[in-house]
């Protein structure tokens, strides 16, 4: 049996990073539905992220996206965040929204575009120096829409060169998180399509480069917890971008599409004793709330991850290992399912109350008047928009 | 052996409809890369479509999208098209880009939104009366992002009611083409996700409702030519939206991702003697040229379909049926592959020359100076944009 | 809030049919791992099925597979089942294991093979007359491995002809359950690949033909609960073959791969008031227990379906419909998830105790000595084997 | 323009290895359809493989499967092959058909089973010493059917230990080819599911370990030519198992399902100058001819690979690289498609005639009387059967 006090302690210590862009408008290629009260500035996004932390207690940092969150003074932004009770987290680069990047950024056939894109990566490290961020998160939309469009192998050479430059620029306590994605926006080939590609580059780069798993970036049928387990074994799992999907990169709330999968992922984390912030994995959200209210959706996502984590912590590992060693398929599966089938919401309510929080973060948020306030206040100016 | 004269005649008679929106800008949720020379008005789109027809000889009609192509006087637009040597084709409704449609159009829980959406369908028939269009093409982005978000069954009732209204409004020579799509922009459930759903509604509506197959709208592994064959057998195949895909609804040039599949689809058409315009299938393109030049890409797509059709026509059906009847698996496959492996480009060059066209439409387009002209002329104003 | 007494009553009334073949050996094309104590005769399979019913109380019938379960006297077999406390259920035809069926059964190019296959369907109805079975379950492995191998359309004509013969042979209280499957054993095209094909044939056949949904027979990403909901609306859902899958037709224990999906399926059943046996849906299992003990695996599957059903019954439908009508995406999803996140195992233990059963069927089975007895008794003879 | 003489020379030098087991019976879990004339001994399989080489001229070696091809004297078997004009190729291990391997072989929780499986790997190297084979091909069916069944991470430790033992046993000119597979026969998790896992183990093992790509072992939508290109860049591509698939591991004839994909794969080979036998890639077939005649199917597969290779060799690489460098998407795609759309069958007929072969290998085989001879001769004894 799992020790309930240890479980509670682990849940209290858990940290989930929210993404600044998820508080802004988002949508599909068909339509972005704007929402009232959406932030217009990096500061307003930070205020929203702080609000999520205030009600959940486990979201103490917010990831930035450059240039969406570009400001004149990052030290000041950092201080602003601190005043609101959170800190600035990973710096995300954006080399996909400039017209120059139509045929790629760091893998573009044009050396001038590659230079520009690589410079942006270096700029992001400059910003990290100012924000005190540890993590440089790299996602490249680079790829091809048509067979023959460009040379697959040469693009890897270009990619490796740009990564090397960024890696060499890192400070001692900084690191690269290299994300991969099967497709979209490139529809034939992506330059970092899978964990293997990201892993191979990270190994060649060195110890400060690790893989970032976005749970929505895989081919159908991919066993994500296997990748989690494998990268943990290799010491190369650096971060998650949590979200959920039924089909492609749907970017729905974490845990909404397949809560059992999220539980299995968190079990591999727990089993490797990798949940604690000291282990170094950055558990981030990366989601789009196209039709639902943004702040409550992010709170809900945080809670879904907490619930999956609580269940993972409740797995009776002694019993599980014993059944596995005995080759008792049904019993081993049953031990795992016992934890999954447990209703952990009362436990999490206790954890929250112990931490001085409201046991029901969504209800507390609704009662707080925050939503009404931002709807009233944030009128005029330009709403922040991801992909818009 | 296929009769070469009959093959040439069939190829000369083939008709492919181009979509007005494919001449405008398009992109993904991450970025729309604008192109120089892109049309700003329905008239400019028609001019581009006419250009495709001028060089290919098999694209004599252009589909419109309402409200993107809304004009004050459709009769005048029709005349404008005729002057340019083409005609107006299917009228596509758009009930996904208004803020009201965030939770659906004809299946929205709000009756007022449903009314508005249904009225738009009726308006489209009004337009058809003026343009002389036969086809009302209906694609609904309606669906759910989250389990529980709305009631799956009730939404079917609402869908059926709206379809019935539109159907009853059709004139004698008009019909509904009901498209289906597995996902996107809805990520959990789509209200018309597959051909079965579309088919069942069409059967209930009556003879003037038929299914439209968009080749990019299926689950991975779906055998599209089976659907083609089945719907032909049931008398319910009304139209195609051709494009190609590696992953999801990538909307790449037809024939670019899996030319063998396109050939197999066209073989089912040929085998059912359904290629001729008199049969009534509307062979449309529905594509997005996000990174490639638009008019040449559409010409190329038309040529790809021509090549697949030529190969399908070259299948030695007597030999094929004989091998099939004999249960000779390898021989039957071999007969089909013989046609597929044939280089039909010389044949199609002959067909073009016979029709008074340049044998190489892309080269002829490039030499024509049209591209330079539109780049120079179409400055200022707002570029037409799909999804932008 | 759901009425707890009504929930309990519904759970007590639930009926799940077990498949005789799941008690026998099974495997993959790579290897069948034989298990000790596996039945050697139809009677021994019935005894095992009765054992599952004895411990679960909700599995009162067993489906037969002909010719695997062929006996001289079906009335006697029926009486044998009754003595053991269960009844004979659906009769499954097998037109895939005879050498004649290499290129298909009812769609074979050879008319003699088609005749043989169709005669087998008619023989199955003869057996139903003797067993008192209502359901003729038809699954055809018919299909093609290679493009061109046979004519897709002609095969539909042959299929329709065979179905018509079988349909016309049905008695007043008998019906056809027509199963569909995307692929395997045919790898290019299957003659009944999807629900649409099955549905179209059933509509043409008449009211005594309905669709059977095998939960493992879909393309990746297919929304199964949508199909459930749609077929219920059309009055054409006749049966389930429950099992679960991560990739293809894995035939794992129901609820093992995606318990949330199973819950969503059961919710559509409950929402349509279609759970009760009087509604007429046959809720069957169709699984392969390749590496796990068979009887406990089947008990576990039954329990997994019970748990999904209990959660579906607990959905607060008033609250759900209200949130849906209000367009409150998060609240509607939340109401559904509240039921899913509930631990229903205590409730089901109560239901079992109320019914005079042990609250823990697996433990009770283990204590019963049945497993030891069959291992000791069933020595010699030929073990029953699915696919072996 | 590609130099036609160089193209012909490359095609003449091409080598494809046939698999001994593909000449034997095979099937699905539903049924193995036995064929007349199928070999009963390793020698008869070698005779069939030699026949394929006699008519194609490019299949000079045959892969063995142990224990299916176990003989007392491998030197004698090697001499037998030489007499028939071919040589023995890769040695394939089989650790999936013994009852002990129900829960895995080298990753089994039971150390005794792991020992037995690892010993089998070592035995295979002993055999290689006798046959003079260079390649030890390792495919493990090891995996899990249910979450929790065993510990994902521990299984990797066990796998690494077994691979290390086998690696250390290799002679100077021997190497490991480590295959990966997404699923089947394991349905929840496979211990080597993807190229990344195989690659990571190979890197850790050392230079004598390389990845084997089976073209049918990927998740839907996987871009296989990307993997080819990436592994070539890393110097870790050792071999192919060619076959084709529409859905899962269908094991159809190479080039039958997606000939364009096969061409793209071969283009990456050609582009990296890796086609020549001296480069070291083992181009093997690994197929199942469940319903078609085996020897002609293998000849056809060889020809399909030749055609894809010929097209790849015809790509005008100067023009392609120029268009790629210029960012001309349509032109670059067009250059590639020009080669693909070429009918290379006349060229290959020339190559065959130049090599003293019949230009039409299938027709020549049919005329040869070989098939009639083996049907007459191979009566009695036990037919060789894969998976049966």
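Letters are used for the chains, namely A, B, C and D, taken in the order the chains are written, and counting of residues starts over at 1 for each.
Here is the rule we use: a contact is a pair of C-beta atoms (placed from the backbone, for glycine too) under 8 Å apart; a residue touches a chain by one contact, two chains touch by 3 or more.
This is a predicted model, so every value here is computed, not measured.
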Shared interface partners, meaning chains that touch subunit A and subunit D: B, C
Comparison of A-B and B-C by number of C-beta pairs in contact, larger one: B-C
Euclidean distance of C-alpha centroids - subunit B vs subunit C, Å: 39
Distance between the centres, which are taken as Cα means, of subunit B and subunit A, whole angstrom: 38
Sites on subunit A at which at least two other chains make contact: 103, 145-147, 182-183, 188, 220-221, 223, 246-247, 256, 260, 291-292, 329, 333-334
Complex contact set, residues of subunit B against subunit C: 103, 109-110, 145-153, 156-157, 182-183, 188-190, 193-197, 199-200, 203, 218-223, 225-227, 229-230, 232-234, 260, 264, 268, 271-272, 320-321, 323-327, 329, 332-337
Touching residues (chain side subunit B, partner subunit D) in the complex: 220-221, 223, 246-247, 256, 258-260, 291-293, 296-297, 300, 307, 329-330, 333-334, 340-343, 345, 362
Of subunit C, residues touching subunit D in the complex: 26-31, 33-34, 96-97, 99, 101-103, 141, 145-147, 182-185, 187-188, 220, 245-248, 250, 252-253, 256-257, 290-292, 387
